[in-house]
Each structure stands twice: as C-alpha cells, then as structure tokens.
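Next come two complexes, and both contain chain A; in the first it sits with chain B, in the second with chain C.
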Partner chain A sequence: MRRLINRKPGRAAALGLGLLPFVLVVIAYLFGSHTRLQDNPADKLLPPPAVMVDAIERLALEPSKRSGQRLLWADTAASLQRLGLGVGLSAVLGLVFGVAIGVVPHIRATLGHFLVVLSMIPPLAVLPILFIVFGLGELSKVVLIVIGVAPFIMRDLAARVAELPRELMIKGQTLGASTWQIITRVVLPQLWPRLIHSVRLMLGPAWLFLIAAEAIAATDGLGYRIFLVRRYLAMDVILPYVAWITLLAFLFDWLLQKWARRAFPWAEPAP
Partner chain B sequence: MKSFEVRNLWKEYGDQVVLERVHLALAGNEFVTIVGASGCGKTTFLKMLMGDEVPTRGELLLDGEPLPTEPGPDRGVVFQRYSVFPHLTALENVMLGLELRQAPLAGRLFGAARTAVREQAAQGLAAVGLQAALDKYPAQLSGGMQQRLAIAQAVIMRPRILLLDEPFGALDPGIRSDMHGLILDLWRQGDMGVFMITHDLHEGFELGTRLLVFDKVRDDPQAPEAYGATITFDIPLQRRPPPDVMEAVRRATAPAGAPS
Partner chain C sequence: MLRQANRILTAAVLCAALSLLGVTQAQAADKQQFRIAWSIYVGWMPWGYAKDSGIVDKWADKYDIGIDVVQINDYIESINQYTAGAFDGCTMTNMDALTIPAAGGVDSTALIVGDFSDGNDAILLKDREKLTQIKGLPVNLVELSVSHYLLARGLASVGLSERDIQVVNTSDADIVGAYQSPDVQAVVTWNPQKNEILKQPDTYNVFDSADIPGEIIDLLVVNTETLKANPALGKALTGAWYETMAIMAEDSERGRAARAAMARAAGTDAVGYQAQLETTRMFYEPAAAAAFARAPKLGETMDYVRGFSFEHGLLGEGAPSPDVIGIALADGRVLGDAGNLKLRFDAAYMQMAADGEL
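So, the complex of A and B:
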C-alpha cells in the first residue's frame, strides 16, 4: 500500500472530487429547504430554487418602479466601481511606497515602522471618521478600501523587494545601473507578479470593507441591497446576491491569476 | 608598476576577525585563483573588491586609486547562483548593461540603437555558445548555460576586473572543463584581471597565472574568532608547480580537524 501522500487522483477523479463539495452543499440546501417548507409553507428562511429564480429575474430584467433601473446591474456597477477604484488606488500606492521603502534605506528608516503601525489601525473603526470627513458619498467608501488594503500591499511589496537576492542588486550595479534604473529595470519588473498576487489576496478584505460601508451608508450597491432587503427577511434576494458576489470575487481572482501566468512566463506560478 | 594593490587589509565582523594583514600587488591583467578552507573569508575578500563590503582597515587600490565603495561597471561579477535576471531572456540579460549605459532615464533603447545593442549582445552570447538560446528565460536554461549567460553578461561591459565566486561550483566536472576553456579565452581577449574563488584545487592550479591561498597563520583554540585569515601562499603559475607545493597547499586548505 503506497503512502497517502503519494497517491494522487487522476484527471477525472480530481474533477469529480473538486465538484463533490459543491454538489453536497446544493443537495443539503434543497433537502433543508424542502423539509422546512413541508412543515411551514410560509417559511422564508430557505426559499426553493424557483422562488430565487423569480427574484433574480425581477431584479435583473425588470426596471424597478422607483428608479427605473434594473437593480441587480445597477447595484453591481456601483459596487464594482467603488471596488475598482479602491483596489486600483491601493495597488498604485502599494507599488510606489512598497518599492521606495524596499529599495531606499533612508525611506525604509523613515516610513518602515510608521507603516506597520498604520496597517494595525482597524479600518472599520475609522469608518465613522471617514463618513464625517469625506461625507456619505462615494469617496468615503473608496477611502475605506484604500485604508484597509493599501498598507498591506505596501508591506508585502516592501518585503518582496527585500527578498530579492542581494546578488541581483549587486549585479545590476556592476552593469552600471543607477538607483532609478535598478528600480525600473530590476525591481519593478520582478514585482509585477507579486503585486498581482498581493492584490488577489487583498480582494477578500476589499469586498468586506465595501459591503460594510455600503451597509451603513449608501443608496445603491450589492451590500446596500442585501442589508436593505434583510428587513423583509427576503432570503430569495439575499442568497442569490451572496452567490453573485462570490462568483464575481472568484472570477476576479481567476482572471488575475490567468493574467499573471500569461504576462510573466518567467515567474514561478503563484498558488 | 603593479596596477592592483592591497595594503594591510583587515575585515572584522563585530569581535570576529575574518581577514587580517592581507597584502597583495598584481599586474592588472592577471588571472588570480583563490583557494582556502570554507569560512576563511574568501567571499568576504571578493565582496570588498566588488564594493559590497568595506574593509575595517587597509586599502584597495586600482591604478593607484582607492576602489569605489559601491559596485560599478568597472568590476564585473559572477556568483555561484542568482547572477542573471530571471525576468529577462538570455538576450535581454546581456543587452541590459549596454542599454543602461546609453539610456540613463528610460533604461531601454528603441529603434536602430536597440538593434545595434541587440546585435552586440547576440555576438556576446554566441561567444559563450548560447546562440541557440537567445530568447529563453534563465529558468529554461541548464545550470551551465546560466553561468555562461552570467559570464557573457559581465564581460560585455568590458570590466577592468572580473570577480568570480565559485562560478562553476555547482556544475558537473565535464561541463566544468568546457567552462575553463571559455573563461580563459574571454580573459585573453578581454584585457582584464580575473579573481576567481574555487574549492577545486586542481582548477585553481590549472586556470590561473597566480594562486592565492587564504589561511590562518595564528590560531587560538580558546578564541577561534580572535585571529583572521591572510594570504599564506602567493604562487606564480607560469608553469605547473612542483608536487611538494601542491601538498603543502592541500594541507593548508584542508578543513580544520580533518585527517591529512
């Protein structure tokens, strides 16, 4: 008998095993939903699939009576815009400060500790401050994401720069590179895949901050909708919305991974 | 006149004396091989030559001028590992130094200037036998090919000195002898000095015009860190040295405590 660590599933088996937990969750849901509805046909907690499909159709295809918009798409657009701005800005800040801190000892001495402390501030605790300072509009939501995400990307990239073999830095200098050239031709190109990896890891927290901000003060957005319909116990809306957010998050992660693999064939594939 | 001089060089890390009283005077185009027991300070010596470490005391002079205290294009290096940039193809690795020299701001060239540099780099790669691997990334090259690439990348800058820290240490013996021929050719054509650390005594004797042995002359078993190593043998290698010198050197470089 070979050791468990040496026994690998074949292609088909791996696919089947990968699907298994999904199938089990769906079955468990259908079973739960069915039994609860048998006990009480008015139960709203675990709506059957047909009810959820109805709700999605209503939200995705019919214009809302109040605003004339198709709510699912309007919510999605609003949320993605906030998320994109927040994460994009965080990536830019992360790259600029991460590289500066990682490459230039004087900047590291100045900002290194400050950055660690900064990244320890719980972002949700400062959300009220953001609402007071930036108002209840888009800005405060984007800033919340930036505050929550940027310091970690900065720290991660600074650490990645420090991890680059010292030999490469010396080699670059023996090829005549200035500090600027070391940054642009040695450090930055090797950081792109790490930046993508870092952004992938921070997408989860970014969604968290987005939904929290939308739950508290917004007039549209995926998080706003979920917390709005919660008052009516509208699980038929909440569950599809959660699934939709999950799907979007998964899709971004997957696209970023694909992109990193294609654009940086020299890099070791990130998990 | 000797163009490369080391005057009373010391290097200490805290209380540990790594190198002491190192003196050396060489012509600028010698091929110096360096041997010595593991941990005796060979790499430390090379690091001071490349400007990665500063001497605690003493002077390093090239043509009468102190060596710059940071790495520069006058001193090329090849390490045992991590000598080439993983994100650049073989060709781009060799082009890099030439591009950096001509384009301070952009760091890269375009158009005719790029074509010229590309041509020069391709020739440099052909000289080390990598003409078929121009567009491969280092990860796609074998260990020996990576070291050839590193050598091509360094010599295309036409450095005054080439510093090699066990460049062939990780290679098979067969490939190693190919590399010896290659490095000797480049050295003869390049009008440069070479300092090469090796663990292989045979390699040391065969390649160089001069062999340096680093070893401790003073040793206190109670305080092994109190005394550093220095150059104990400085052997001109115009011809093969007689066997008794070989034996003396072998004893000196044997790891401490090993039966001889």
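So, the complex of A and C:
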C-alpha cells in the first residue's frame, strides 16, 4: 500500500534524516553566533566554536591556578561519584522495597499508600529540611538524588512483581518453595532486566537532582561549574559542559541498554 | 498527529528563536521605546514605585519617549539579559557591571549612582566573635559575587587570604536555610538574608560593608551607544529617579506611603525596610551622588574591584592583566586600556538633576 505509514527510508536516507536536525541546530547556532559577533566581537552569549575549544582545552588539560586540578575531570569525577552513589543506593532500595511490597501482602498494606504519597513530594521543595537533617556536604546531595529517584523505582518494581503470572507463584509453592525461595528463584530472576530498565528511565531525573544539588551548595561538580560561571555569562564554558553532560547521560543509557540486552536477551521484545 | 504537529511547531520555534537571538541586539539608533530591567533589592525598590506611581511615564512623556521598567526575579539573569541586548539598562553593582556587561564587550555607562552598601553585606560567624577566627572554616557564599569581594577585603584586613578558608558556593535563595545546618559555620551574604540570619542565636557580624564604605555601589547602568544616541533616555531616567528620591526622603504622608509601598514590594514591612535602609547609604540628593561619582575614591575602589575580578578570572580566562578593560571615571581619569573603554562613570546627568536642568 502506498501510504505514508508504509513508506520506509533506506539505510542511507535514514542516517541522513537522523542527522538533519543536529545539522540544522548547528547551522542555526553558527548563524546566530556570527551575527552577534559582528555587532560585538566580545559577545559572550553565543561564542564561536574556536572560543569553546579554547575553553575546553583550558578546563580539561591545564591545571587550574587556584587548586592545581584539571577542572573538567575533577568536576566530572565529583559529579559521577554523587550520581553513582545516589542511583546505586536508589536501585538497591528500590529492589528491596519493591520486592517486599510486591510479594508480601502485609508489607504492601503497610507501605503501599505511604510510598505513593512519598513519591509525590517534590524533593526540591524540602531542600531546607534536607540541609538541616543531612548537612550541606556530600550526603545531602546523594540523599536528594535518592529521595527523588528511589520511590519511583520502588513503585515501578512493586508493580512489575504484581504483573508476574500468578501461576508461577503457585507452581513454586506446589514444588515446596518458601517465601524466600519464591523471591530468590522466581521473582528476582525476572526482575533484574526490569530494574535496569527502571534505572535507565530514572537517570534523567537523577541528573536533574544532581545538578540542582550542586547549584545550591558545592565546591566542585559539573552543576557547580555551570552555575558558578553563569555569574559572568561564560557561555564558552557552559555550552561545552552541557554537551559533556548530555554525552555522559547518553552513554550511560546506551551502556545500560547494551547490558540488559546481553545479559537478559529473553526480556527483550521480539524483533 | 496533533502531538507530532506540536513537536514540529516547537522545533521550528526553537530554531527561529536561536537565529533571532542574533538579530534582536538592540538597534541603538532611532528608536523611541526603551526597556529597563531591575530586581528586588533595598536600593532599587524606588524603581518599582516610580513605575507604579506613574513617575517614569511622566518623565518619559516629557522627553517624548517610552520607557518600560521591568522587574526580573533573578538578579544575575537581569544582568545577563541586559548584556545579551534584551534591555537598554539594568540595575547592578559596580563589580557586576565590570565583570558581566563590560567584560562581555557591551559598552556600559553608570548613569545613576543610587546608593552604596553601608552594612548591607556582611560576614557572619556562628559562635565566634572575631573575624580572625574564620581561619580554617568553610565559608558559604555566592562565589564571585560582591559577597566574595567583601570576604577578600575582610580577610586582607586581618592578614589572612582565601587560602586560609574554603569557599563553598551557596545560592543566595538557600543561604538562610543552609545556615540552620551545623555544617555551616560562616556565611557572607546581603540583605534581607543578612538580617534574617542575624536573628539566629550566637551569630556575630564580624565584618561588613560599613568597614569598606563606598566600595559596593548600586548603579543604574545603561548601554553607552543607546545613551549617546538618545540623551533623552538619560534625562528621563535621571529625572524620574530623583523625583522618586525626593518623595522617598520626605517625612510626610506621601513619603511614608511611598516607603510602605516599597517595603511591601520587597516582601517586608515598614520596620524591616527601614532596618535595611539604615545599612544602605542612599543618595537622595543628585548633587551628593554626582560628587561621589567624581571623587578620586571611586578610582581607588574600581582599582580594587578590577584587581579582585582579574585574580578570579572574571575578566575572561585569557585576560593578560586587569588593564584589558578600560574604565572611564567621572573625574576624567581612565583605568586600564583607554582604547577599549567598556565601563564609564558619568556624573553629567546627575549634575543636570542637581542643577535643575531636567
């Protein structure tokens, strides 16, 4: 049928179409930057690529005058450590509580509604409370990520457990499995790919909370640098940092997807 | 289908906006509408009152132009917008005028010297009464702001340097909340946060802007090209400002009403606003402001400020010395590169107001 929905681009065309929006954005940027620079050669809002390359070289290769660190790597290491701890902790909590709530009716009755309410609290709104309880150091930044991310992973996994075919549980019990054995032999093996998927989806919000935490009080980190140099409109630093964060986020998402595909091919939808 | 149409529309708008950014640079020549940005701060509240009470419109009509006075909620964002060309003028401190628009190549003129901070900015310590005790502590402040400048000046006054402490960048919106945390032992901030934190027990003000009088100056900055092409803008703004100042200084029903309106707009009451005004040296008289702008002291201050800005990389990481940006003082002297004048102090309009020529 010659309908729009049935017409598929070839390999080369698909690649070209995929690149098109990127190219358009770059062209729009270069055009805007060029126009502004003609009016004011020192314009900081849309710096030309050469200036951004200079800024990246300075931040990535030269030790900073004040601390002697290579700032881009120091910021990246600090941010990734917070992100890793926050997301890792959220995944563990999500798994433990998700399974417990999904499997044990008494726990579900106790925590189910509480969790729904908890997950609806906007974490940024309770920041002053977090400061008082957890201080202003690394802990409060990790906790902000956990509070923002963990309840959703818990809810997602609890729902996934509830979706497991009831027959499997019954079959396990007829073979004499205890609750613990049901969890370890029936529930968990099916939950791993769902956990990875859930973490993938929550990476976006995790970055958001990380950058918010670093903007509010920090001495290093990717979000810290962006909000610091915003003070003097250093877009030549901000734009490469944004690109770097995007690249990192994309990379993690891709790696998690690869991992899930390789380790749990049975959980992937049929091609 | 509808969603896809929406998405295409959004993408188109984004592309158009990006390319328009380049074109919207204020066309300085023959335009009659001007936009001025201001943000909430004790010394700038009169702009809100001048707009609401019709004083700005009255003066704009007198010079046959239109002036739109816009309040921006985020101070730095207002300066960035001005630097990007979205506004013809903006309220800011002397340091931010140097490090944001001037360092960004936007030739800017300090049209009105509104006030200087006379205690509005302070270093506050928990359980410690002397500035020297700050040694070794983490200090929470908005990095690279006037707070940071005040800290550097304070540390120098007791023979310490930034190496003796650890600066923790903390948002001004969250600094009062942050102070509740036991981690936080020292903060540098401005009003109204400063007065709020001072209400906490065992909190001491160990150094404030009254110790460096006249160094943190609140200005109305306008684009130099626009001002040169349209002196009427300078005259109308200056006229409106000093009419507002006169009302604000009056001990009359009208003066009290004006101060009460400013207090409300600043989110405080008459008492709270008065407390902030006491640590702000307002120049109610144009003659006093013009004299302050012309005094040799301003040159010394700007020399400190550009030294601090250079050391912290605020003049651009590639800047070889503090001299890269020329600063023209109102007394005719020039600091730095006279071929690259980007920040000018101009007492002419304030003098016109003092001489009753507006």
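Heads up, the rule we're going with is that the second predicted complex is superposed on the first by the 267 of 271 C-alpha atoms of A that agree within 3 Å, B and C clash if a C-alpha of one lies under 4 Å from a C-alpha of the other, contacts with A are read in each partner's own complex, and residues count from 1 in each chain.
In this text, a contact is a pair of C-beta atoms (placed from the backbone, for glycine too) under 8 Å apart; a residue touches a chain by one contact, two chains touch by 3 or more.
The structure presented is a predicted model; accordingly, all values stated were derived computationally and were not measured.
With everything superposed onto chain A, say whether chain B and chain C fit together or clash.
fit
Which partner, chain B or chain C, is in contact with more residues of chain A?
In the superposed model, C touches more residues of chain A.
Have a look at where A:264 lands relative to chain B and chain C in the superposition and call it first, second, both or neither.
A:264 contacts chain B only, not chain C.
After lining up the shared chain so the two structures overlap, which partner does A:108 touch, if you call chain B first and chain C second: first, second, both or neither?
neither
After lining up the shared chain so the two structures overlap, which partner does A:70 touch, if you call chain B first and chain C second: first, second, both or neither?
It touches nothing on chain B or chain C.
Between chain B (first) and chain C (second), which does A:184 come into contact with in this model arrangement: first, second, both, or neither?
first
Rounded to the nearest 10 degrees, how wide is the angle at the Cα centre of chain A between the Cα centres of chain B and chain C?
Angle at the centre of chain A: 150 degrees.
First (chain B), second (chain C), both or neither: which does A:170 touch?
first
Closest pair of CA atoms, one in chain B and one in chain C, after superposing: how far apart in Å?
34
Okay, in this complex, where on chain C does chain A touch?
Within the complex, chain C touches chain A at residues 11, 15, 18-23, 25, 76, 79-80, 83-84, 99-100, 103-106, 140, 142-145, 166-171, 174, 177-178, 180-184, 313-314, 317-318.
Can you tell me which positions in chain B touch chain A when the two form their complex?
Interface residues on chain B, with respect to chain A: 50-52, 70-73, 75-77, 79, 81-88, 96-97, 100-101, 104-105, 107-108, 137-139, 153-154, 157, 159.
In their shared complex, at which residues does chain A touch chain C?
Listed in rising order, the residues are 21, 24-25, 28-29, 31-36, 39-46, 54-55, 58, 65, 127-128, 131-132, 135-137, 215-219, 224, 227-228, 230-233.
In their complex, what parts of chain A are in touch with chain B?
165-168, 170-178, 180-181, 184-186, 189-190, 264-267
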